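In what follows, structures are represented as structure tokens.
There are two complexes below, and they share chain A, which is joined by chain B in the first and by chain C in the second.
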Partner chain A sequence: MVKELERAGLPVVHVCTVTPISLTVVANTIVPAIAIPHPLGNPALDKTEEKALRRKLVMKALSALQTEVDGQKVFED
Partner chain B sequence: MAKIKVVHYINQFFAGIGGEEKADIAAELHKGEVIGPGMAFNTGFGEEAEIIATIVCGDSYFNENIDAVKAEILGWVRELAPDLFIAGPAFNAGRYGVACGTIAAAVKEELGIKSITGMYVENPGADMYKDKVYILETKDSAAGMRAAVKKMTAFALKYAKDEKIGASCEDGYMNQGVRVNFFEKERGSKRAVDMLIAKLAGKPFTTEYPMPDFDRVEPNPAVKDMAHATIALVTSGGIVPKGNPDHIESSSASKFGEYSIEGVTDLDESTFETAHGGYDPVYANLDADRVLPVDVLRDLEKEGVIGKLHEKYYATVGNGTAVASAKKYGAEIGKRLVADGVDAVILTST
Partner chain C sequence: MRLELGKINITDIRFAKESKIEQGVLYIDPDYLKPVVLEDEKIRDVVFDIAKPGESVRITPVKDVIEPRVKVEGRGGVFPGWTSKVDTVGSGRTLALKGMAVVTAGKIVGFQEGIIDMTGTGAKYTPFSKTLNLCMVCEPVEGLKQHDYEAAVRKAGFRVAAKIGELARGLEADEICVYETCGIREGIEKYPDLPRVAYVSMLQTQGLLHDTYVYGVDAKQIIPTILSPTEIMDGAVVSGNCVSACDKNPTYIHQNNPVVEDLFAQHGKTLNFVCQIITNENVYLADKERSSNMTAKLCRMLDLDGVVVTQEGFGNPDTDLIMNCKKIEAEGVKTVIVTDEYAGRDGKSQSLADADAAADAVVTGGNANEVVVLPKLDKVIGTLDYVNRIAGASEDTLRPDGTLEVELQVITGATNEMGFGTLSAR
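Presenting the complex of A and B:
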């Protein structure tokens, strides 16, 4: 799906936990997530901390969208 | 002759420990135990080989801790020193396929021990590892267990006994991109003309030189003005309005859904849930923002970091879903987003 969205002309960032799969399907812009059942959350944290964590990941995704990418790039910390 | 010693790797499901709620269990070594599909392998091996240990690991645990789990399991296998390592079969289970491919390839490459696995051709683990280790092609579900075990058993014995392995199409493993010189029965000109005649007659023929399939899409230019951009959310994590109005299937989804989040500032357990059957749904059902971060994007919209969060989001279930289907959904979603003037997309996957 990520490739088809890119093909449609939309800049797209793939936020996912298992980045090797994303690399294999040839997504271009990739942001690693927290865990498979909760990519943008962590139930071990309290609500406020969890939202702050999610905000950090979303900000990283937005900044990836604002970065010119040549080929594939995983935006690590 | 001494029996061929085999170590077998399986996930929590095939070990009978549990489903998605147990996918986070750490790796376990069961010495002297034959578990789940291992029993069928052992029967198939007859007097020639036997499983001396079974290694079990939760699929999520493996994929979230790849390097550490790999090192731990390699340590056990080195100690056990088997003649052959078998992982799976994983059929079309994505995380299981990646786990099987990763560990089977590592055992072969790092320990120099013969190693095989089995899975469905569209399993993401297949493309990742088919050129590194023998991957026997199986059906897409465990209904194909009997055939998969039969095929893997035959191949395993042949391989372990150092018998000659034939071409991928003869011995049922996935093409590794290795070319071997041999003499054809008929000369090239005749084969080419035969192929041409078959093609003209609309009959099937097999090319001798398949073109590689490079499906790459160039990245689009970056978003220049985020403060005025409309951002859309798309997910393969199956987040749907409570009650799953479109009945998106928990695996092998036959459709995607388009849902309004107009006026929604937070996804909670009374309004949204996941339809995905391939991960433990507890966390997403309690708070779907953990998969589809609507709450944070609403905040960022209010603060002017982004121009706007698109009022519709798109969701499907990426669980054993055929690549062709995902491609179709992606293309259709892309068309709709472009028509709606969306500037960029965040796609989340579980």
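Presenting the complex of A and C:
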């Protein structure tokens, strides 16, 4: 999906937990997610903390989307 | 560590008024076992049944398969952390009831459990069509949460297997096998010219009822460590997972680990079998990195020449497998990895979710997506209510004529990644 969207000329950010697989399949803009069963949240947190975490992740993905990358880049904290 | 494993061959199981083992026949009074199950207040009732090889019987949903054993000499008892305290096991003498198994069945999650057929096409794929199976179907008390029910059934299985094992105490074994590993210095002095080989066993620990336990500890929480391979023969590692059933290791397969068996067969001849290393397959990337780093470090510190690595499950654990492989290879230690494949129904898709050039010696347990048709069988132990939803099935699985069209994925042990099954490829 990531490769095909990119091929069609759209900027793509791949938000995923297992970034090594993302690197193997040659995604370019990669943002690490939380965990495999809950990539975009953390049920261990309370609602307010979780909302903050989710917002941070989305903002990070949007910021990565606007960043020019030269080859593959994982956007660590 | 030295363990003598005495094998008592069981040739039949019959319900009887008195529980005993006589001339290879296990006589079981259900009332001997029932209190052992019902001592957990979370279980309302249990029904026992017997399934024999060749009978027109389907067992589903299958949770775990366990071999009854009893420790008769040496430290500790079987299933440490569960039916015994946590003494270090793996030495002395243990008796095992061969040719039979305890099978825990019945709905827990439903779609997470597996199928064992005692005859027909399915029987060719599951190793447990060849064992005499004492099946136990538990009913939970009302309102019990799935994870509490899973824990209750898992523990009840160990208690029943240990209780049956007790019937063997005092019996003469039909055969005794001796397994012995050396200390580090002793091994180097004794076998200076043999390659030092260990076995890296990856344990399924993804949570949400995909777990494995070591001496009672949830293996999600362990940092990789070393075991004497004889410890698992006493039940130091037990299963708490069964989805997708084809490539999960029921407790029985940990107890009878074929990689350990084969490495022991070569120990002192072509190699020095140093130890077993256990590691996990967690769902956080940092855990995957930490565990594979630790595993590679242990391989280096033990001065190994080679390791056999087995995976449990598929998907994201493929990354744990590849991380282990490339990091261990980077330490100068050769690896062979054992896995299975999800290559699509036609076998043409990529087999693993991850790959690396370091993984140049790979053994496969078969393609879990391969489709088979299972015949309608006369009797079901458990229920067919979930066969259309079990992992590897579809809404069209149960056909009007009663046959089942399924992927091998649904069959307990079919593509086992320790090589316990019969499938492979060249």
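As a working rule, the second predicted complex is superposed on the first by the 77 of 77 C-alpha atoms of A that agree within 3 Å, B and C clash if a C-alpha of one lies under 4 Å from a C-alpha of the other, contacts with A are read in each partner's own complex, and residues count from 1 in each chain.
The criterion applied here is as follows: a residue touches a chain if its C-beta (ideal position, glycine included) is under 8 Å from a C-beta of that chain, and two chains touch if they have at least 3 such contacts.
Since the model is a prediction, treat every value here as computed from it, not as a measurement.
When both complexes are overlaid on chain A, chain B and chain C end up clashing with each other. Once chain A of one complex is fitted onto chain A of the other, the partner contacts of A:I21 extend to both chain B and chain C. Of the two partner chains placed by superposition, only chain C is touched by A:P32; chain B is not.
Within the superposed three-chain arrangement, the count of touched residues of chain A is higher for B, of the candidates chain B and chain C. Looking at the shared chain after the overlay, A:L45 reaches neither chain B nor chain C. Contact with chain B, but none with chain C, is seen for A:R7 once the two complexes are overlaid on the shared chain. When the two structures are aligned on the shared chain, A:Q66 is found in touch with chain B, with no touch to chain C.
Of the stretches 26-34, 296-304 or 332-340 listed for chain B, only 26-34 runs into chain C once the two complexes are overlaid on chain A. When the two complexes are laid over each other on chain A, chain A has residues 17-18, 20-21, 24, 35-37 in contact with both chain B and chain C. Here chain A touches chain B in the complex through residues 1-18, 20-22, 24-26, 28-29, 33, 35-41, 43, 50-51, 54-55, 57-59, 61-62, 65-71, going by the rule given at the top. Per the touch definition, chain C reaches chain A in the complex via residues 206-208, 283-285, 288, 316, 318-319, 322-323, 353-356. Contact residues on chain B toward chain A in their complex (touch as defined above): 20, 23, 60, 63-64, 66, 94-95, 98, 124, 127-128, 215-224, 226, 231, 234, 236-237, 279-284, 286-287, 289-293, 295-297, 299-300, 305-306, 316, 318, 326-327, 329-331, 333-335, 337-338, 342-350.
Chain A makes touch with chain C in their complex at residues 17-21, 24, 32, 34-37.
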